[in-house]
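Shared between the two complexes below is chain A, which has chain B as its partner in the first and chain C in the second.
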Partner chain A sequence: MFGGAFMMGAKDRLLPPAIPFRFFATAIVYHLVAWGVLLGAADGLPGYQGGLGPVLAALHLITLGVLAMTAMGAAYQMLPVATRRQLGPAWACSLSWWLFAPGVALLSFGLADGAPWALHGGATLAIAGLALFGGLVAGNLMRVGDLPAVTAPVWVALASLLAVLVLAGLLIADVGQGFLPDRASLAAAHGVLAGYGFMGMLVMGFSAVLVPMFVLAPAIPDAQAKPVAAIAAMALLSGAVGALSGWSWLAGAGAVLGLVAALLYLRLQRRVLAARMRKRLEPFFRLLKGGWVMLPLSLLAAGLLALGLWPEVSAPLWGLLLVVGWLLSFATGILQRIMPFLASMHSAARGGKPVLLSQLTPPPVLTLHAGAHGAALALLLASVVLDSPLIARLGALCGLAGALAFAVFAIIMMVRYRAHHRSQ
Partner chain B sequence: MAEALDFPAPQDSPPVWLAAALDQTVLDVRSLLAAGSDPLGALMDAADGVAFGGFLVVDAPFNPSPLRRVLAARGFSSYGRRLGGGHWRIYFHLNGAADWEHDSDVAVMDEGAMLWHEQDGLHIDVRKLRPPQPMLAILRLIDGDAALQALVVHHERHPQYLLPELAERGWSVARISEEFQDVRLWLERKS
Partner chain C sequence: MLLQSETGSLLHQDHMTTIETLQGLEELLSRHRQPPAVDEALRERLRALAATLRAEVESHFAFEEGHLFPLFVSKGESGIVMMLTHEHRSILPMALRVAELAGQAAESGFDEQNWRDFRDTGTELVEREIFHIQKEEMGLLAAISALLDETEDAGLAEIYRRTVK
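Right, the complex of A and B next:
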C-alpha cells in the first residue's frame, strides 16, 4: 500500500491533457482576437499614453489572454515535474480556467467599451482565476526546499501577482468613481509588476529548467540563479515604488537594476546554450532568442520613460518592447515547443506507440508565424517612432497573419495527433 | 560510452532501501584518515544517532569491511559502491542487518548518475537527481553509444518527459516495474 501510494504520486504529476491544452487553445484564440482588435484600433497606437479603449483591450487580450493563459497551462503541467511535488487538485486547475477564460473576454470588452458591468464582472472573474492559480502554485512551492533556481523567482512572481491583482482591482473600481489621486502612476506600477514581476519572473523561474530540458543541457546552478532573482526583486520594488510615488530617480534606478538582472539572466541562459547536447536548435528557439534581445531593450525604454524623456514615444515603445517583443515572443516560442511535446508525451502515457515530435511539428508554418510576428513588432515600433497610423495598421495586419499561422500550426498538430491516436 | 567504461563482472541488484538512502548527508572520513586520525569514534557516534529504519552514509578511501561487520553486528545492512579508484561510498541501513552486505563497482557520470552491469545488461540509476539531469544522463548514454541496444533505468518516478525524446531516437520502453522509490524501466533500441 505504501508503494502504491508513492507510485500514485509519481503518476499523478501528469495532469489530464485536457487541462493544459484547454489553456493553450484559449491562448491561441485570444492571440487571434487581440491582433484583430489591434488592427481595428491601430490608428490610436502611435502616441498612446493609456486610458480605456480598444488599444487597452488589445493589450489585455495579449497580457491576460495569451501570456497569463499560457503561463497557467504551462505551470500546471511543468511545475510539478520540475519541483517533484504535487500541484492541484486537477478540479481546481480546471476551475481557474472557468473563472479566468470568460473573465478575460468580459474584461476586455469592458476595457474597450467602458461598460462598468463588463469591467467589474470581468475583473472579478479574472482576478479570482489568477488568485486561484497563485494559491495552487504557492501550495506547490511551499513543499519545495531544494530548488531555489526555480522557486526563488516564482515566489517573486507570486508576490508581484498579488500586488498586480490589488492594483488592478483599484484601477477598475476607480472607473467612473475617480477616487484615485494619480491613476496614471498606479497604472504604470501595475504594468511594471505585471510585465516584469508576474510574467517576467515566471519566465526566469521556468527558464532554469525548461530551457536546459529543451536543449539538453545541465540546469542552472542554484548559487548562480539566486543572486539574479534577488537583484530582479530589488529592481521590481524600486520600479513599482518609483512609479507609484512619482519619484523618477527611484523608477530609473529600478530600470537600471532590472537591466543588470536581465543581463545576468541572459548570461546564465547563454551558458546553458553553450553546454547543450542538442547542437541544432529547433525552430521555436528563434522566438526565444528574439524575446531575449527585446528584454534589455524594453528596460532601456522603461528607463527613458521613468526619466520623463519623450513620453509620447517612450511610453508606447516600452509597452511594445515589453509585451510584444519580450513576453509574447517568448510565450509563443515556448508554445511552439511544448504543445507537440506534451501531445507526444501524453500519447506515450496512453501505453501505445508515441507520436513523434517531428511528425507533429510543421516547420514552414512555424517559420511563417515567427516571420510575421517579427515583422509586426518591427512595423509597430516604426509606427510609434514615425507617428504613422498606416504603418501601425500594417504591423497589426502582420501580427494577425502570424496569429493565423500559429492557429494553423495548432490545428495541424491536433489533426496529426488524432490521426496517430486512431491508428493505434 | 558504456563500453569505454571498465565494468566488473555482472552483479546483483542494489537493495530496495538504497533509494531512500541516496539523499542522506554523507559523512566523509577520508580527510580524517589522510591526517592520520582514526574516524571510528565519529562513526560510532553517528551510528548511535540512527533510529531503526534510518540511514548512515560514509565516504571512505577504501572498502571499510571491518566497520561494516561491526555495524552489521549492531543491526545495520550495508551496500558499498566504489565510485572511483580511492573512493568508496557505503550506505548503512538500520534494519536488523536483514541483507547485511552488498558491494558494487559503479561508474559515475557527470550528471551524477551511476552506471553498472547486471545479468540483464547495463543499468543506470538517476534517482535523486534534479530535473533535467536524469533525462540528460540517459540521453547522453544512448546518443554516445550506437552499439547500445538495451538499458535498465532506475528512476524515482515515471519519466514522462523522457518518452518523446526516446521515441525520436528510435528507443522504446519494453517493460516497467514499480517498487517503492524504484521505478525500473527496461529500454530497448528498436530494430
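Right, the complex of A and C next:
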C-alpha cells in the first residue's frame, strides 16, 4: 500500500521529500544530543523518581526529539499514501517542524536548567507544533472510512496526544507556582499517555501498514485489528485515570489490560511474519523484534510501579523499557529502513535506474548501532537494578556510540544518494 | 496487500511464484563463492529459473503494460504507470540476461567468467525485482481494487488467463 500507491495521484498526496527528511535528520541529531546529555547526567539515573534536571531533559530529547519527530515525518509521508487521502498543505507540515524542532531544544534546556523562560517558551512551541500535527492528521483521518486497522489506533493516538498536551501544559505552568496538589501523579499519567497512548498507538497503526509491506505479507484483517485498539484504549483510560487519582488498583488494571492488548498486537505481528512471502528478514527486524520483546516487559514494570512495589527500581526500569527498549528500538529500526526506501523512490526522478537500497545502506554501521543500542539498554537496566552510577555511565556511552553510528549511516546514505543523483 | 479484485489475485499468484524463484536464486548465489558444479538437480533448477524469469518478463510485464496500465492512464493515474513501466525497463534486460546465463549453465556448466556475470546480475535482479514486487503488491493491487469496477476487473482477468496463463 506504500510503494506503488506512493505515486498514485502524486501531485495531490506526495509531499516534497525535504519535509519528511527534515524531520528524520532532526531526529538523528536529537538522538545524539539525548545520549550526550544522559552521559553527563548518568549518575542520576539509578533511583530516578522524576523531577527537573538533565535526566528529564535527556528523556524528553528522546521522546520528543527522536520518537515524536520520527513519527511526524513518517506520518506526513505515510498517512496520505495509506489512506489515499490528502494530508494538509505542505506549508503546514513545514510549519509544524519550525515550531516543534526549536521548541524541543528550548524545552529540553528548560527541563535541564529549570529556567522558566525556556520552559514556557519551549513548551509553547512544542505544544503548538504537536497540536498542528494532530490537527493535520485528524483532518486526514476524518476523510477515511475504510482502513480501521490503521485509523482506529491512530485516532486513539490523537486522543492521547490531546490529553498529553493538556497535562504537559499544566506540569510546565506548575513549575515555580506549585498549584498542582499531586504533581507526581499528573506526571505519571502524562508518561502513560505519551508513551503507550500517543507513540504506542501510532506504532500500532504504522505497523499495520509497514510490516506487511516490508515482508510481503497479507494485511492485518480489520476485524482482528479493531478489538486490539479498543482494548488498548481501555487500558490507557484505566492507566491514566488510575495514575491521576492515585487508585493503584485501577492503574494496575490498566497495566494488565495493556499487557493483553500488547500480546494481541504481538500475535497479529507474528501472524504477519509467519505468512510472509519474503523469507529472509532484513537486518532492521532485529531492532523491531527487540522492541517487541521490551513492550510486554515494560508493562510488567508498569504493573509493579502501579502497585507501589520497589518504586526506586520499578520507576526507572519502566521508563527505560518503555522509551529505550520498545519505542526507540522500533523507531530507529523503521527509520533505517524507510530513509533508504524513500531515497530510492526519489532517485529515479531523472529517469535513470533507481539506486539500490543495498547501495545506500552500509550494513556494518547499522550492526554497530544495533549492538551499541542493545548494550546501552542492558547496561542502563543493570545500573538501575544494581544502583550503579558507573554502569549507567557505561550504558549512556554505549548509547552515544550507537547514536554516532546511526548518524554516520545517515550521512553515508545521503552522500551515496547524491552521488547517484549526480550520475543520472 | 489487498486482494479484493480477480485481476489482483491473479497477479499476486504470479508474484508468489516469482518471489519463490528469486529466493531460490538468492540462496544459490549466497551458497557458492566459486562456480558450482552443475549436477542434475542444479540443472533442473537453472532451467526452471530461466523459464520463470522469461515468463515474468514476457507475459506478466506485457500484460501489465499492454492491458492494465492503459486503463490506469485512462483514469488519470499516470504516476504509478510511469514508475512501474520505468522499472520494467531496468529489470527486463537483467532478467533476460540471468535467464540466458542460467540456460547456458544448464547445458554446459559454469566457468569463472559466466559465474561472476551470473552472480552479479542475479544479485542485482533479486533486489530490484523484490523491491518492484513490493510496490506492485502494496500499491498496484490496492489501486486495481480502488480504480476498476467489476466489469473491467472481470475483463482484465479474462485477458490475463488467455495471454499469461
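In this text, the second predicted complex is superposed on the first by the 410 of 424 C-alpha atoms of A that agree within 3 Å, B and C clash if a C-alpha of one lies under 4 Å from a C-alpha of the other, contacts with A are read in each partner's own complex, and residues count from 1 in each chain.
The rule we apply is simple: contacts are C-beta pairs under 8 Å (C-beta built on N, C-alpha and C of every residue); 3 or more make two chains touch, one makes a residue touch a chain.
Computed from a prediction, not measured in an experiment: that's the story for all the values here.
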Which superposed partner A:279 touches (first chain B, second chain C, both, neither): second
Touching partner for A:173 - first (chain B), second (chain C), both, neither: neither
Partner chain in contact with A:260 - chain B first, chain C second, else both or neither: neither
Touching partner for A:131 - first (chain B), second (chain C), both, neither: neither
Which of chain B and chain C A:354 touches, first, second, both or neither: both
Which of chain B and chain C A:147 touches, first, second, both or neither: first
First, second, both or neither for A:218, with chain B first and chain C second: both
Those residues of chain A which chain B touches in one complex and chain C touches in the other: 2-3, 6-7, 9-11, 84, 212-213, 216-219, 277, 344, 348, 353-354, 356-358
Chain C-facing residues of chain A, complex: 1-11, 84, 212-214, 216-219, 277-280, 344, 348, 351, 353-354, 356-358
Footprint of chain A on chain B - complex, ascending: 111, 130-133, 135-136, 139-140, 143, 156-158, 160-161, 163-164, 167-168, 172, 178-181, 183
List of chain C residues in touch with chain A within their complex: 1-3, 15-16, 19, 23, 26, 76-77, 79-80, 82-84, 86-87, 90, 124, 127-128, 130-131, 133-140, 142-143, 146
Chain B-facing residues of chain A, complex: 2-3, 6-7, 9-11, 13-14, 81-82, 84, 146-147, 209, 212-213, 216-219, 277, 341, 344-345, 348-349, 353-358
